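Handing you this structure, nothing more for now.
Naming follows writing order (A, B and C), and every chain is counted from residue 1.
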Amino acid sequence: MAVFLFTDFGSADIYVGQVKAALLEYAPRQSVVDLLHDAPAFSVRASAHLLAALLARVPSGAVVLAVVDPGVGSAREAVAVRASGRWLVGPDNGLLSVAAGRAARHEAYTIAWRPKALSNSFHGRDLFAPVAGMLARGDRKRARLRKRARLAVTFGTSDLSEVIYVDHFGNVLTGLRASVFRRDRVLVVNGIRIPYARVYSEVPQGQLFWYVNSLGLVELAANSASAQRILGIVQGCPLDSETIKPPARTDRGRLTI
Amino acid sequence: MAVFLFTDFGSADIYVGQVKAALLEYAPRQSVVDLLHDAPAFSVRASAHLLAALLARVPSGAVVLAVVDPGVGSAREAVAVRASGRWLVGPDNGLLSVAAGRAARHEAYTIAWRPKALSNSFHGRDLFAPVAGMLARGDRKRARLRKRARLAVTFGTSDLSEVIYVDHFGNVLTGLRASVFRRDRVLVVNGIRIPYARVYSEVPQGQLFWYVNSLGLVELAANSASAQRILGIVQGCPLDSETIKPPARTDRGRLTI
Amino acid sequence: MAVFLFTDFGSADIYVGQVKAALLEYAPRQSVVDLLHDAPAFSVRASAHLLAALLARVPSGAVVLAVVDPGVGSAREAVAVRASGRWLVGPDNGLLSVAAGRAARHEAYTIAWRPKALSNSFHGRDLFAPVAGMLARGDRKRARLRKRARLAVTFGTSDLSEVIYVDHFGNVLTGLRASVFRRDRVLVVNGIRIPYARVYSEVPQGQLFWYVNSLGLVELAANSASAQRILGIVQGCPLDSETIKPPARTDRGRLTI
């Protein structure tokens, strides 16, 4: 089965190629798909929410190698999680916990396999990629997985009311799932109230709105413009929201806003 | 056959991986090649000219998935074009029209196939990638193509005398084809007259020149320097040109410039 | 065997896709791995040292297509080098020379094969990619390799005491191999003395240190911060180092620093 990569290694940098060289050694015939290599580098929680959202696009049966790991070289363990027919492989620092917790059920494992040479700073290449390769080939035994009761670090499954990612168009992704966020709510950023619209082409050029993005998340956008630049916000900014008051009916039956 | 991708989804962003996940589902054995994911995002015309130039490097028989689609979610249709032995799949907003118009002949089709779930903002993933996958596997029937007389939006086949793309070296690509642009012409940008040279190493370091780039386009460059930075121009800037006056022969037979 | 790419073509730009289209033509079944496409563009020497370090991660038997070639279109030759069971293909401008020189033994060849159409500015696509594809398929004869005594340009095999690359975290890679650089040495940059630490998590947040990176090179880093930004250095900056004086034992047996 295919291996999907979700990391903060940088899509233009020297690290992803080394991960792929390792995958080529352990799973030479498996397809490899880059989901994202510019995950929020020092924000494991935001990355965990983004990963959980992207996981809906990963086919059942696939292996996801997920590494956002500022604590690499410290004591945190290497884990594998089985959830919704997929394997997730990565550090036990919470990164996998939102996806795991939102699955109908999941199983967590400690990875006991170790390579002959393990660098201090690049477990993605030395440990996680080989294990992802083994699992992609169905060679679970070789990975030496040890069942455990739960992950050591979990962020819970609740939505995260903050900016989790800004894309290259300047669209602002939040950790709020649209399935539980009503269309009559407005997002409030720096005092600006931002209403819902269905799609870009329904608002004038340059106007801010929020919409249900293609991952099912609440996303701030502006038609043909960068919402990020207009709002001046970055990944990690908290978000407020409020419900639009329904128009009040006056004595004389007119609507007021 | 292989699928080639030409989009404005951003090479470092979360979108290309989702497109590839969809391709993996519909055409699991086909190779996928990223031609460009940083096409001029809000300039369909410039993107159309760049795509037409890049198409010469795409092997016959291949499928090109081309998406620069600021109007996604509006009424524009999804189309497939058969030209020079290749399939082009994308929005009917002019993006495919320069490549189509320059082919010896082409056929246009409306795509009638629709996925079970179609997002408002990501037809590249939900509609165009599956159809590209079907065509790459030779499963044209499944894509439900409906022959049509012509594309709805066409930009014509004439050259575009403006900056269509700036590469990461700072080289400035124009929409002018060198095959119809004489070597004795100079390009004029902000009052600066830029002459032709055959190759970088023929001009002094830092000097501006234009040359026939590897796609056959007129390109502004500077030896070991960024033409873009020297000229201060960006994608979309119009370009003037003039013919160098041939040296006049004076009464006494000397050359003057 | 797989083909590994090391270039300055830009990971987000229009060039890598064209190289891959050429590889697809000459070696349709071979895997292609992007090692790096943002090698220091105008610094062949720094690129040569980075390539030599990355080569340790490339499996034996693979072909490495390496192009950092500011002199493309000038008289420099196209060469192939056989070293440590791998083929290196690229320009004879020193880029391959550090890797070649550090191998136990290597053989150098002039590439006599020429394509029907050779652009002046993109030999990576027109010449090196086809030859890399031929070698990846084992079709050495077709590449028309001519044995030669040595490469024309060589940088030697000594370490390079300068910044050879800055990654997207702001970590600063040097051309110093940790295998020959003692842990009791400090690096000196702009008057700041930077000591060794084993791993990120062993120093306070924001503190500078050097460590042995995952390629075996001396690397300047800062815990959860950008060493590059703190130091204000860029690729090409020279580096000084000095040995920490061992604590002197005084008459009364106390340690002084």
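One rule holds in what follows: a residue touches a chain if its C-beta (ideal position, glycine included) is under 8 Å from a C-beta of that chain, and two chains touch if they have at least 3 such contacts.
What you are looking at is a predicted structure, and each value in this text was computed from that prediction instead of being measured.
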{"item": "Chain C reached from chain A - shortest hop count over touching chains", "value": "1"}
{"item": "Same-residue or different-residue interface between chain A and chain B, half as cut-off", "value": "different"}
{"item": "CA centroid of chain A to CA centroid of chain B, Å", "value": "32"}
{"item": "Touching two or more other chains - residue numbers and ranges from chain A", "value": "11-12, 38"}
{"item": "In the complex, chain C residues that touch chain A", "value": "2, 4, 11-12, 31, 33-38, 50, 54, 57-59, 165, 167-169, 198-202, 211-214, 224"}
{"item": "Chain B residues within the chain A interface of the complex", "value": "10-18, 20-22, 24-25, 28, 38, 41-42, 70-74, 119-122, 125-126"}
